[in-house]
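Reviewing the structure listed below.
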């Protein structure tokens, strides 16, 4: 005698799914789970519900920031996503600059752009590696991408002093100018990396078995993508031409010419592919930024206290749009900071997908990693 | 800025409107009365095309004895962000959930319920998200949440 | 009765020695050690890293011994809900099945561990069907959701893969006119069967990947979904046994493929050298074969179970039947070997 | 540009090309190095272990105020007139804000990151202990130092210095 299993529908009703189902705990100790847990309702192969359980690495960063000065807050904010620290930090620093009403010098904007695009490449490489690993426990592509991140991390260490968590952006600019020999090495790295992207495309994106696994799986329609609040390359893979870099330019993006990668399919394959194409766009942006970089100072003085007020700053991180809502009461510490990272939004779509289409148990890891989620990001 | 959009919002919100401003081109701040939030939200979505939720949360003001809630919504047609706000009573905060209008705010409201103690009526899944399931020590994002016991426990190790 | 047993052992001491010690167990263990080391080093190179470098000098050939010692020293954990007898039984029995399959393979002229009286190919397939049965036993006995899903996947996959594999080798049987592996090898002295049986080989090879449960068919033990499939709950020495069973299974099926399609212990027909004939050639072919298999394992994505089953029944099965018809026609018009 | 409508190579190329690409990687040289024996030199700006020059330090406390992790404490030193910073490396996140803030440039980064200890107390470095550390003391196994470079064919390690002396 089994009792019928129930699940939550999008609008609050509880519906019965069927008998003979069980809940599978994918995580927190599971090869794919990361620092979270996916509770999968399944009959053995078909999946009826996925519940994302986050919060295993909740550090209360929003609360911590209320006790730190604006500059001190840089360090905890960066710890949200280790892979993508400069993009995350740009959200925080940009919000402060907005509420303090200061404008960084143009050269600082270009240096920021270069660092952020390198960070985006690093982040997308890791996403591609995880996607390949989730589809086959195929460590080859994962280790290639991990190895190919190294030249970029070396460059970032050369420029900022750390492989990640650079703490390099401060309100009012960046902490140092570009060192000698950096630009030459960056150009050589980009030339070499362009050839590596071709290898990824032929070995993995065009791989027939990878296509069989991902094409037509986990389709998010344009309408659903907007209503569920999907973010980043996932949103663009569903056909919404939204990119914060283009729609609300920050740093030097307003002065550079680049295209938005969009796909119409909205399936896992398109999401994986979109990331590879975005890396090409990033290379293009870095090259333009090197060529157009103006001379001048890299940092302006920050006023000690902001005016009371509020601001919402949006930034395109590797995983999608992050926004920082900051309320200031005129003291040297923020009154309230609300950070909405991209993964937090993307997890909702993962929860919703099994309710709109058939997902098999084998699809679950590929589905999850096609969204490139990051628990530390969502937990804060 | 955005005067025509502000006018349309003024007309569709009617008496429920408390405050409206647009300090920069891509941001519109709208503050409404708490009992009209769902109504205004649905009309904002249907008539002005603000369809994509990008953030939601709240701020605690112990002196004013209110919690100010906000929902940030991006419009895919006119490419602007609207920040819909309302104030609820701090002692028994409760408001109608907006998940029926924008499904994507589900997780944000759940987080606000957990960290600020605002009850969202009609929310499909109000259960602990970030904190432990047996958390009884209050609402961490409220301003009167005391960090001293935690500092004593974890802060100073030498 | 004891006397009868003792006299039986005395009379068959030589056979037992061959099966249990040399070349039986010694060869198998030697292969497992070599294969694990080779897999680690070779896959590491494909992933542009070094692989083991510490245990046993620069080449790290002692790494498996160190790992095995670590695993044996670990506690054997039996899940509280498990059926402990069957749980232990499955882990002990599983490596024996593929080992018994190897006993039927001819390694050199006259060097065959167990000569199954002219029907060795059929016996090989008969033994191999035990593998999913024991797999279900281990999955059921562990009493865990992941293991039981893995066990059932194992059955689906083995049925979908083994029938095309068997029908493909029927083509070889018809072409050679015998069930005996030794005779099949002898008949390939002038031409390997991959030439007349090319279609059959394609079918066999895809089904073969399913039988050894490697990517793209490592569906039962899919790490990203099922942790380690039916083996999830095993620990310590029992886990070592399971890993060993995987490698012995790989060895058994690879040897069968070499025997059926690549001339077994024969050298290449062009420069057949009577001195080198035998173990040298079969080991060389074995190394080349596992190199290709290991490369395949990290080149492709894993299939879903429904795609794998569909591939088995919708494509491989008709192709294998077509291969049988083609073989019959060729035999009728060209005459066999 | 729309997702699946982009032209892909033919079926055979989609199956065979991945295999060839994977197999070709066997000829590449590894990108890893044997860490305790070979160590990569940091860059000029690398932020690692922080040293203190007590002769120039004026004990102003700016570093302690700047530190976001509250990892800097101040202690008097015998025979000197100020209180000097002590760094708790169990809390330090190597952000470098203290080094940047220091008005007399008494604090400086080194590229040393090998700071492990068996007890928490071992990670707290008193002012007199914040001296430059020879790498041999914390990493006795080290034989060679490498630097990373970028060549036309990809990243390469180049021998920087043989022997344990830094």
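Each chain carries a letter (A, B, C and D) given by its place in the written order, and its residues are counted from 1.
The rule is simple: a contact is a pair of C-beta atoms (placed from the backbone, for glycine too) under 8 Å apart; a residue touches a chain by one contact, two chains touch by 3 or more.
Owing to the predicted nature of the structure, the values given are computational and were not obtained by experimental measurement.
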Contact-graph separation of chain B and chain C, given in steps at minimum: 2
Most distant chain from chain C, judged by the mean position of its C-alpha atoms: B
Pair joined by the larger number of C-beta contacts - A-B, C-D: A-B
Approximate Å spacing (C-alpha centroids) for the pair chain B, chain D: 42
Rounded Å distance between chain A and chain D, as computed from the means of their C-alpha atoms: 25
Centre-to-centre distance between chain D and chain C (centres being mean Cα positions), rounded to whole Å: 47
Chain B: positions in contact with at least two other chains: none
Chain C residues counted as touching two or more neighbouring chains: 46-49, 298-300
Touching two or more other chains - residues of chain A: 140, 144, 147, 203, 207, 209
Residues of chain C that touch chain D when the two form their complex: 42, 44-50, 53, 295-296, 298-300
Chain A - residues contacting chain C, complex: 22, 24, 30-32, 44-45, 132-140, 143-144, 147, 203, 207, 209-210, 212-213, 360-365
Chain C residues touching chain A - in the complex, by the definition given at the top: 43, 46-49, 145-146, 149, 152, 215-216, 218-219, 222-225, 227, 298-307
Chain A-facing residues of chain B, complex: 26-27, 29, 51-57, 59-60, 70, 72, 74, 76, 79, 81, 83, 99-100, 102-108, 122-125, 128-132, 140-141, 145, 147
Residues of chain D defined as touching chain A within the complex: 1-5, 8-9, 11, 13-15, 17-18, 21-22, 25, 31, 42-47, 66-69, 93-97, 100, 109, 148, 150-155
